[in-house]
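So that you can tell them apart, the chains are marked A, B and C in the order they are listed, and the count of residues begins at 1 in each.
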Amino acid sequence: MGKFFAVVLVLVAVLSAYPIIGNYFPLPEDISTHGHLIDSQLHDTMLEAGVAFIGAQLVLAYFLFAFTGRKSDAPLKNFPGGAKLMVIAAFLLVGTEVLALGAFGQKAWATVYFTAPKADALQIQSQAEQFAFYFRYPGPDGKFGAIHPDKIDEGNQNYFGLDPANDVDARDDIVSGELVVPVNREVNLMLHAKDFGHSFYVRELRIQQDFVPGLDLAVHFTATKVGKYEIVCTQLCGLGHYNMKAYLNVKSQDDYDKWLKEQSQ
Amino acid sequence: MHETSVEPVHVHAPPQGFWRKHVFSLDHKVIGKQYYALALVAVFTGMFLSWLMRIHMVWPDAKIHGLELLSKNGAPGGVMTPEYYLSLLTMHGTLMVFFVLTNAPFAAFGNYFLPIQIGAEDMAFPRFNMMSFWTTFLAWFVLMLAFVIPDGPPIAGWTEYTPLSAVGRDAGPGMQWGASLWGISIAIFCIASLLGALNFIATTLDLRAKGMTLMRMPLCTWAWFITSCIALLAFAVLLPACILLILDRHAGTSFFIPGGLVASDRLQPHSGGSPLLWQHLFWFFGHPEVYIAILPSMGIVSHILINSMRKPLLSAKVVIYSMMSIGFLSYMVWGHHMFVSGMNPLSSLTFSFPTLTITIPATILTLIWLGSLYGARIQLTSASLFAIGFISMFVSGGISGFFLAQPSLDIYLHGTYFVVGHFHMVMGVASLFGVFAGTYFWFPKMTGRYMNETIGKLHFWITFIGTYLIFMPMHYLGLIGNVRRYQSFVDDYMSPYLWLHKDMTVAALITGAAQFLFLYNVIYSRFKGAPAPENPWNCTSLEWSIPSPPPWNNFGDRHPIVYHDPYQYGVKGSQGDFVMQDSPEQIIASGD
Amino acid sequence: MQMKPAVITGFALLAASAVALAGPSGGTVTGKVTYEGTPAKMKPIDMSKEPSCAKMYTTPPMAETVVTGASNSLENVVVYVSAGIPDDAAPSTAATFTQKGCRYIPHLLAFQVNQELKIINDDQTSHNIHPLPKINREWNKSQPPGTPPIVEKYDKPEFIPVKCNVHPWMHGTFAVLKNSHYAVTGDGGSFSLANLPPGKYTITAWHESYGDQSQDVTISGTESKTITFVFKAKPY
C-alpha cells in the first residue's frame, strides 16, 4: 500500500500542477497601468509555491515508497542533519524567500494605495447598494450635489438622494447604471455605501476595494483598453449578492464626450 | 511494571446512577465522548448543507424534492431561493468551524486523553467540565433553532459582517430572529469554550503525575495545552463582540452601525458606529480560531506518526517550540483578512509580515514530519494513512496561504474561490484528517474494540482523492476571479468554467457518501468490532497502560510515575521495540 | 271595476321587480384626472446590471412614477369611494401582479381587503418582491424563475409601496381597498365608478407622487355625475 500511496501522491502533484503549467486558467487581460506588477508578483509566487508544493509531495511520495513495508528488523536511520538542518532550511530558504517576496510585493500595493490620484483625475462617485452599483458624474458645473439619504426615491431613479429642487449643484449631476470612462485617463472613483458593506472588483483592472458604510473611500485607476468589463460585488451583502454587478464601459475620449453630452440632455 | 507513588488523589466520587454516569457526567472521558458525538451530528449536518449548496450552485433552477418541507419560504416548490442558499452557507460555516473543528480535535480528544496522558485521574475542575459540554450543547441547540423559525437562518455568512448583521430585518430574510439566534448561540459557545480552556490549562499545569515534566508530555497534550492558551484569549474577545452585536440589534446601540444608512427604503435609526470595529474584533478571534482548529490535529498526527513509524521525530522540542510560535504569531496576523477592507493600507502591510513569518514554524513542522519519515519503518493503518495524508493536505493548503498573505496578490484573490480552496484544505480537510486519524487510533482504547481496517482504508482512499478533486480546482477558479458566496454564477466571464463546478459537485457527493462508511464503521465497531488488547499499537504514552475502556478514575487506585518521554521507539524494550513512559526500565538503544 | 287597482298594483310590482332584476342599477360617478404645472421628466430605466431583462427592450422603458398623457391627463391614479358605502366582501377572483421585463405589471394594482393576490415571475431572473406596508404584515419573498405564483392577502386597507429587493428600479404600489367601487386611471386619465346606490359619498383620488384629494358626491337615483380631479405637478 505504501507504493500505491506514493503513486497517488505523484499523480496529485502532477495533476494539480498541470492546469497551472498549461495555463488553462489564464488571468484575464490586464487593462490597467499597475496590473503588470501584480501579475509578475503572482507569477513569481506561483513559481516558488509550485516548487515547494511539487517538491514536498514528491519527497513524501519517495519516503513512502522507500520506508513502508519494511521488515521489523530493518535498521532505522535519521535524516542527516536532523532537526537542526530543518530549522535552518526553514529560516533560510523559506524565511528569506517568503519575506523577500513580501517586501518586493509592496510595489504593487504602494502603486494602488500610497500614490495619490493626479489633480486632474476624472472624479466619479460610485454608490453601492442592495443590489446594484450606480455612478454619478458631476456634470458641467464640476460639482457633486449633496447626498440626502432621506430623499432617496428609487422608483423615481433618485438613487443617491439628490435634492435638485433646493440644491443647485445637484441639478446637472448625471447618474448612470454603467461606469463609463474614457480610455487612458486616470479616474478617481469615490466609494459610498448606501446600506451595507459591498465591494468593487474588476478583474481586468486588477482592482478590489470594499465599500464601507460610514467611510469615504476611493480607488484610482487608469483603463488602457476600450471595451466592456464586468464589475462584480465581492462582499456578501444580502440575498442578491450573486447578481450585483455593473459594467465598466471604457470608451475612446470622443465617444465618452459624446455619451456625457447625451446624458446631460 | 507500572510504578506508583503514594496517596491517590480523588478528584470526584465514583459515578452512581444512569444520569450521573451517562448524561451529566463529571468524568472527562464521558464528556469527551459527548463532545465527539455532538461533533459527529454537526459534521454530518454541515456536510448535508454543503451538498445542497453544491447542487444548487450548478443547477440553480432545479427542484430539490423535499426541500420545501424543510423550509416553505426558503424553497418554494423545492427550488432554493437565493437567500436560503446563503442561510445554508451561514449555517454550514458556523457548524463546521465552531461545532466540528473546535469540538472534535480539541474538546473531544483533548478532554478524553489529556488527563490520562499526564497521569491524572480527571480534569482539575470536573464540574466546570460538565458545564462546558452542556453549555456547548445549549449553544448548538440555539443555533439549530434558526432552521425552524419562519424566517429561517441568517444569511450573512459565518463571519456575520456588520452592518448587515446588526440592523435587523431590513437587511433581508433571516436577519431578524435568525441572526439574533446566531449571536446568542455563539456567545454561549464562547462561555463554554472559556470554561473548557481554563480546565485544560489548570489540569496541564497542576495535575501532572510524578516524573511527568512538561517536556515529557506527548505532543498531542502539548498541542491541546497551547490551543487552550490561544482559546482563552480568542474567545474572550469574541464574547463581548457578540454581546455588542446583540445590543445593536435589540437595544438600539450603534457600536457597528454608522448613520445615514437606508435599507428597505427605511433610514436606519443608528449613528456613530464602525463596521470595521466588528471585523477587527471578529478576526482578532477568527485568526487564532483557525489555529485552534489545526494545532490539535498537528499534535495528534505527530503522536500517531511517531507510533506508526516506530521512530521518534527528529526533535520533539523543536516541534513544541514551533507550535508555541504559531500560537504566539497567530495573534498578530488577523488583519490579513482585512487587506482590502478599507482599513489603513499601511496596516495591511504591517499585518502581512507576521503572516509571512508564520510560514517559518509551519515549514519547520512540515520539514520535521517529512524528515522523520526518512529511515523509518512506516506501518500503514487507517490511522497512520490519515496522519500521513494530513502532511500532504497541510502542504497544499498552507502553500495557497502564502499567496493570500501578500496584500498585492490579495487585491486580486480576496473574495474569490482561491480563499475558499485555501481554508477548506487546511481546516476542512487537514484538520479533519487529524480527527479521523485520532478516531481510528484511539477507538480501541475508548471501546476495547478495533474499527474495521478494510473499511477504514477504503474510507481513507476515497476521502484523500475525493478532497483533492473537490478543493484543488477551487484555486484555479480563484485565479480567474470566481467570486465566492454566490448562489449561482450569472456573470459573463464564468460561463466557460461552469463545467468545473459540476465536476466538483460530483466529487463532493461521492466523497460525502464515503463518510457514511466511517459512520457505519464507528457505530458497528462500537458493538461488534474485534476485541482489542490494552496496547494494540505498541504505543508508549500513558493511556496505553490502562484497560480498554478505562475505569472511571483512569489509573484505578494507583498514581503513575513517569520515567521517560513518550518517544522511546526503536529501542530494546521489555515489550518490544519501545519503552512505555511509566516503565522504570533503562533505555537500551537497539544497537544499529 | 274592482280588478283595476289590483292589476295596476300587480303591474307596478312587476315593473319594479323587472327593473330590480334587470341587472346593474344605481348611479355612476365618472370623470378625468389631470394635472397642472410641469411634471418631473421621467428618465429611462438603466437595466444594464440585468442583461436578461435589458435585452427585452429596443429602447429602455421609462420610469412610471408619473405617467402623463394627452391633455394633461394623469395615469395610475386610484379613484375610489372612501366614505358613504359599507365594506364589500372580497371577490373570489385573484388580483394578478406580474414581474416581466424587470418591471411590475401593472405599475399600480388595486384590489380589495382579503382578496387573493397572485404574484407571477415571468422573467429569467430571480426577483424578491418586498411590499412595505405600515399597518399590514410586512413580508418579502424570493421568486426564482419557474416557481409557482406567490399567493398572499392583506386584511387592512392601505396604499402599500412595493419594491424588488434585487432590482432597485422596480417599484410599484398595491392599493388595498375596502369596497368594490374603485378604478385606476389609464391612458387619458378617465375613470368610472358604477352601481352606486343613492347616498352621499366621498370620492378620493390618490397618486403615488402627488398625494390625494377628495370630493363629496350625492347620488339620488341612476344618474351619472361627473367630477374632475386636478393635481399640482412638481418639476422635481
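Please note the rule applied: a residue touches a chain if its C-beta (ideal position, glycine included) is under 8 Å from a C-beta of that chain, and two chains touch if they have at least 3 such contacts.
Quick caveat: nothing in here was measured; it's all calculated off a predicted structure.
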Margin query: From the C-alpha centres, identify the chain that is farthest from subunit C.
Written below: B
Check: When B-C is set beside A-C, which has more C-beta pairs in contact?
Finding: A-C
Item checked: Distance from subunit B to subunit A - Cα centre to Cα centre, in angstrom -> 29
Notebook entry, point to check: So how far apart, in whole Å, are subunit B and subunit C when each is placed at the average of its C-alpha atoms?
Noted result: 58
Next item on the list: Take the average of all CA coordinates in subunit A, do the same for subunit C, and state the distance between these two points in whole angstrom.
Entry: 49
Checklist line | Interface hub residues of subunit A, defined as touching at least two other chains | finding: 129-130, 154, 238-240, 243, 245
Check: At which residue positions does subunit B touch at least two other chains?
Finding: 81-83, 172-173, 265, 490
Notebook entry, point to check: Which residues belonging to subunit C are in contact with no fewer than two other chains?
Noted result: 125-126, 128, 142, 161, 163, 165-166
Note to self: With touch defined as at the start, can you tell me which subunit C residues reach subunit A in the complex?
What the structure shows: 40, 43, 45-50, 63-65, 125-126, 128, 142, 161, 163, 165-169, 171-172, 208-209, 234-236
Margin query: With touch defined as at the start, can you tell me which subunit B residues reach subunit A in the complex?
Written below: 81-83, 86, 155-157, 161-164, 171-173, 257-263, 265, 267, 273-276, 309-311, 313-315, 318, 340-342, 345, 348-349, 352-353, 356-357, 359-361, 363-364, 366-368, 370-380, 385, 388, 391-392, 395-396, 399-400, 402-403, 405-409, 411-412, 414-416, 457, 461, 464-465, 468, 472, 476-477, 479-481, 483-493, 497, 570, 577, 590, 592
Next item on the list: Could you please specify the touching residues of subunit B with respect to subunit C in the complex?
Entry: 60-61, 73, 76-77, 79-84, 172-173, 264-266, 490
Margin query: For a test of understanding, state which residues of subunit C touch subunit B in their complex under the given definition.
Written below: 125-126, 128, 130, 132, 140-148, 150, 161, 163, 165-166
Note to self: If we count contacts the way the header does, which residues on subunit A are in touch with subunit B in the complex?
What the structure shows: 1-2, 5, 8-9, 12, 16, 19-20, 24-28, 37-38, 41-42, 45-46, 48-49, 52-53, 56-57, 59-60, 63-64, 67-68, 70, 72, 74-79, 82-83, 85-87, 89-91, 94-95, 98-99, 101-102, 105-109, 112-114, 129-130, 149-150, 152, 154, 161, 193-197, 199, 201, 203, 206-215, 217, 230, 232-243, 245
